[in-house]
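Below, subunit A partners subunit B and then partners subunit C, in two separate complexes.
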Partner chain A sequence: MAQITLNIFRFDEAVDTVPHRDAVTVDIPETTTVLDALETAKAEVDGSISFRRSCRSAICGSCSMNINGVTGLACKTPCNTVMDENGVVVVDPMPNFQPMKDLVVHMDPFWDKYSRLKPYLQPKDADSAHDRERRVSPDDMKKLVDVANCIMCATCYALCPVVSVDPAFAGPAAIAYAYRFIEDVRDGQRTERIAQISEDYLWLCAHCYACSYCPKHVDPNDRIIDVKRAAIKDRVMMNERGPRHALVVGKTIKQTGMLAETEVIQGTIGRFNVRGLLKVAPLGLRMAAKGKMPPPFVKPIPKVDEVRTIFETLEVPVS
Partner chain B sequence: MNPSTRTLDQERDRIGALLSRARGTRAPALRRAMNETMSANTFIFRDDDGLGKAVDDMARIRREFDTDAYVMDKSKTFNTDLVGALETDFLIDASLALAAGAKARTESRGAQARTDYPERDDANWLKHTLAWRQPDGPPRLDYSRTVTITEFDPQVRTY
Partner chain C sequence: MSATLLPEDLPLDAHRRTHSAATKRYGFFPGCVAKESCRELFNSTMLLAERLNIELIELTAASCCGASVINDVNRDVARVLNARTYAQAEALGLDDVITICSTCTGHMRAANKELRDSEGLMDHANAILRKFGAKYEGTVTVRHLLWLLIDDIGLDALRSMVVRPLNGLKVAPFYGCHIIRPESVNGWESARRPHSLEDLIEAIGGEPVDYAGKTRCCGFHIQLEKENVAADMVGQNMRMAADHGAEAVITPCPLCHLALDGYQADSAARWGRTDLPTFHLPQLVAFALGVPADKLGLNKHLIDPRNVLVERDLIA
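On to the complex of A and B.
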């Protein structure tokens, strides 16, 4: 048995304006999970410590919280993997959410972004058109299996730096789950779904991989890339910055073998988009002042033919 | 049908007592005591002595909860201490009814495997147990009329 100390964020939205912290020490084996440590602290020391939990086996998604600065499931985190040399574990509510009571947060924005997906099958045709269940081949089903493992714990959403600067961003979980229906062969709303998630700022994703901390290995980032690919393939909202940028980056690399930054900026904003170009002009002047202005024309590299062959073989969209 | 005023008052007093008591016994301690007696005495193999102990222990835990149970968290925001205490309250009722019904059923049937009555007794026990909560002690037991066998005959529980 070991002396484990939980350094806990305490706050009650009904009575507090600022939070405080409590250090609670319990005598438990050091392999105990952070969740079990919290349950022991609540049962033996302070009954008012509040947290969500249910299955204690990493399948319900209730106990996501910030442990030593990183969001994860408390039931899946043994104390001895996170405690410091004094046996102290720091516990906070998930970031990117408004705190309610200790480790419990208001989850509504997360659910709202989910329900906007219409996260249920909208079949191509009526059930009566089939004399038996709709069949999906194993290959088609494989695409959906990883995403279907999502337990909606919101760990990815809590870790997402784009959500933290722009709460209108749909977030990794919602975009990944949009993919689950976009690629479902039985669904008849592919175009509408791609349009909906594009309007919820799909293209703000910065691909930073923070969401790779998903405790169920859903890998939202890879699914977000797949949704962006589907958007370009289906030519949804092609005049927006996101798709324009993706295409022009590919185009300059195919043309010259290099990323031609000046052309990328024009291609993203729009060559004749005077207002847009004027907005980035100050940035351009600051770069020039520091000697970091990219060259206006980029000469193709010697083996540019090989680059073009790669792009053509892979059928990379460039416009 | 609306709950009567008396029922609502009883509920308000029951929950209010948990919130207003300043000291006493906390629900997790009573829950652990319940775990221990139910695991030891009403688990896979049961006998009259063990079941008797379970009934006595659960009746004692029931009394202690009624007189002493309190919560540390007095907040009205997401009060899991209170919800946990209410769940323990219901678990105590269920456990007491289970133990009393098992002790009275002098046969083995389905999940009830009694070492002192290892066989089924279809002549006397083809009936459901009904239990009424009493203000003190174990529930009052009664039985349904004899069960009508339609499609599935009672079988020995083997695999």
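On to the complex of A and C.
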């Protein structure tokens, strides 16, 4: 047995204007989970401590919270992997959500973004056109099973730095779930779904891999890349800055072997988009004043033909 | 606490003791930004290598690593481009490729992992490389200069080389996503609780500042997608650093550097003025090891880092 002290965020939106913290100490084996420690604290010390939980085995997705500043499932986190030398574990509600009571948050923005996807199959044709169930090959199904493991715990959404500054961003889970229908061979709304998720800022993903902490290994980070590739393959909303950026990066690497910064900026914003270019001009001028401007043209690397051979063999789309 | 070396017979990984480490001759992949808008990073890296008595052999015909963006258009191209780079290192007899950019580190390691874990993908890459007479055997390890400093030079040795300790300068570490995440690709230290930069700051006489923003994203990769988002991400992180007493920031990534140094002016409206000067990793280490400040390109930064060095009596 060990003494575990939970340092808990306490707040009740019904009565409190500011949160406070309580330290609650419990005697439990140190290999048990943070959720076990919370359950013990609630049962033995303070029945008013509030948190969501149900299955206690990483299936229901209820108990995601911040544990020492990193979001994760309390039921999947043993105390001895997170406690400090004094046995203290700091628990807070998930960030990027409005706290409701203690560790319970308002999940509405997460569910809103999910329901915008129309997260159900919209078949290509009527059921009556089939005399048996619609079949999916094992290879086609393999693409979908990882995403189907998503338990909607919102860990990725809470970890996402883009959501934290721009709540219009769909967030990792919604994009991963869009992928689940975009790549479903039975679905008839592929183009509409790609357009919808592009409008919800698919291309605003910052490539930070924070969502690689997914407790169910859905890896939304990789699924987001898959959806972007689908958008480029099907040429959906190609005039957005995201796809233009990806394609012009490819173009400069193919031409010079290097990512040519100046051309990438112009190609992403648009060479004739005067207003857009003026917006980035102040930073450009500040950099120029320090002699820090990237060169207007980049000299190709030695043997750049080899790079072009790679691009041509793989038929990489570039602008 | 420094990271420990694993036995040599383990699979090629982040902590591998390379042949290059034994000979102190390393393959060097500077990446695009250190050759374009952050020349001061390239120059200070070479000056640091001189102090450390190691040889960085630039892979001059190497291409861009793909910068994470190229993955959005094709799943194979970054892997094959990097296989071409590794083949160049092998041809020079080098089994270690040192990077000075977090994004290069993560994406080159991801490509290398795919190549080595799957015979099919290695054969696929080599079938294309064969068209111009190249072949990658799979012997290369990709590591960041930060890892080289800690694993090969060692914190104790570094400490003994310091001639100009930082006088307790409060430095906020800013890791940059791709040097720590995903853990399955990098794995050199915990992505959730890394401490290599803190160890390094301490070794050169600074005081590391702990704040939640140190492992968060700078927003560089989406700076052009939508206005203010990247600036807000910079502002949020730098606000946290400043509130925890930071006087300066250190980063192993030039992309983070461009964002942190460039956008603090724009983020001030929402997050308040922070104006934290940002050092490239080799700049601050080289400074502590005695390289004259005027050789480190500090005058190229938008937020001039020389002011805090003056305040701490480190330069006149």
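The rule is short, and it goes like this: the second predicted complex is superposed on the first by the 319 of 319 C-alpha atoms of A that agree within 3 Å, B and C clash if a C-alpha of one lies under 4 Å from a C-alpha of the other, contacts with A are read in each partner's own complex, and residues count from 1 in each chain.
Methods note: a residue touches a chain if its C-beta (ideal position, glycine included) is under 8 Å from a C-beta of that chain, and two chains touch if they have at least 3 such contacts.
Owing to the predicted nature of the structure, the values given are computational and were not obtained by experimental measurement.
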item: Subunit B versus subunit C as contact partner of A:83, first or second or both or neither; value: neither
item: Touched partner set for A:12, first subunit B, second subunit C, both or neither; value: first
item: Of subunit C and subunit B, partner touching more subunit A residues; value: C
item: Which superposed partner A:104 touches (first subunit B, second subunit C, both, neither); value: first
item: Touching partner for A:232 - first (subunit B), second (subunit C), both, neither; value: second
item: First, second, both or neither for A:201, with subunit B first and subunit C second; value: second
item: Partner chain in contact with A:221 - subunit B first, subunit C second, else both or neither; value: second
item: Contacts of A:46 with subunit B and subunit C, given as first, second, both or neither; value: first
item: Contacts of A:258 with subunit B and subunit C, given as first, second, both or neither; value: second
item: Interfacial residue positions of subunit C with respect to subunit A in the complex; value: 32-33, 35-38, 60-64, 66-77, 80-81, 84, 106, 128, 131-132, 134, 177-178, 181-184, 191-193, 212, 216-217, 219-222, 224-227, 229-230, 232-233, 236, 262-263, 265-266, 299-302
item: Touching residues (chain side subunit B, partner subunit A) in the complex; value: 26, 28-29, 71-81
item: Parts of subunit A lying in touch with subunit C, wherever the complex brings them together; value: 68-70, 161-162, 164-166, 201, 203-210, 212-213, 219, 221, 225, 228-229, 232, 241-243, 245-247, 249-250, 253, 257-261, 265, 268-269, 279-280, 283, 286-287, 290-295, 298, 301-307, 309-311, 313-314, 316-318
item: Of all residues in subunit A, those that touch subunit B in their complex; value: 12-15, 42-44, 46-48, 50-51, 100-101, 104
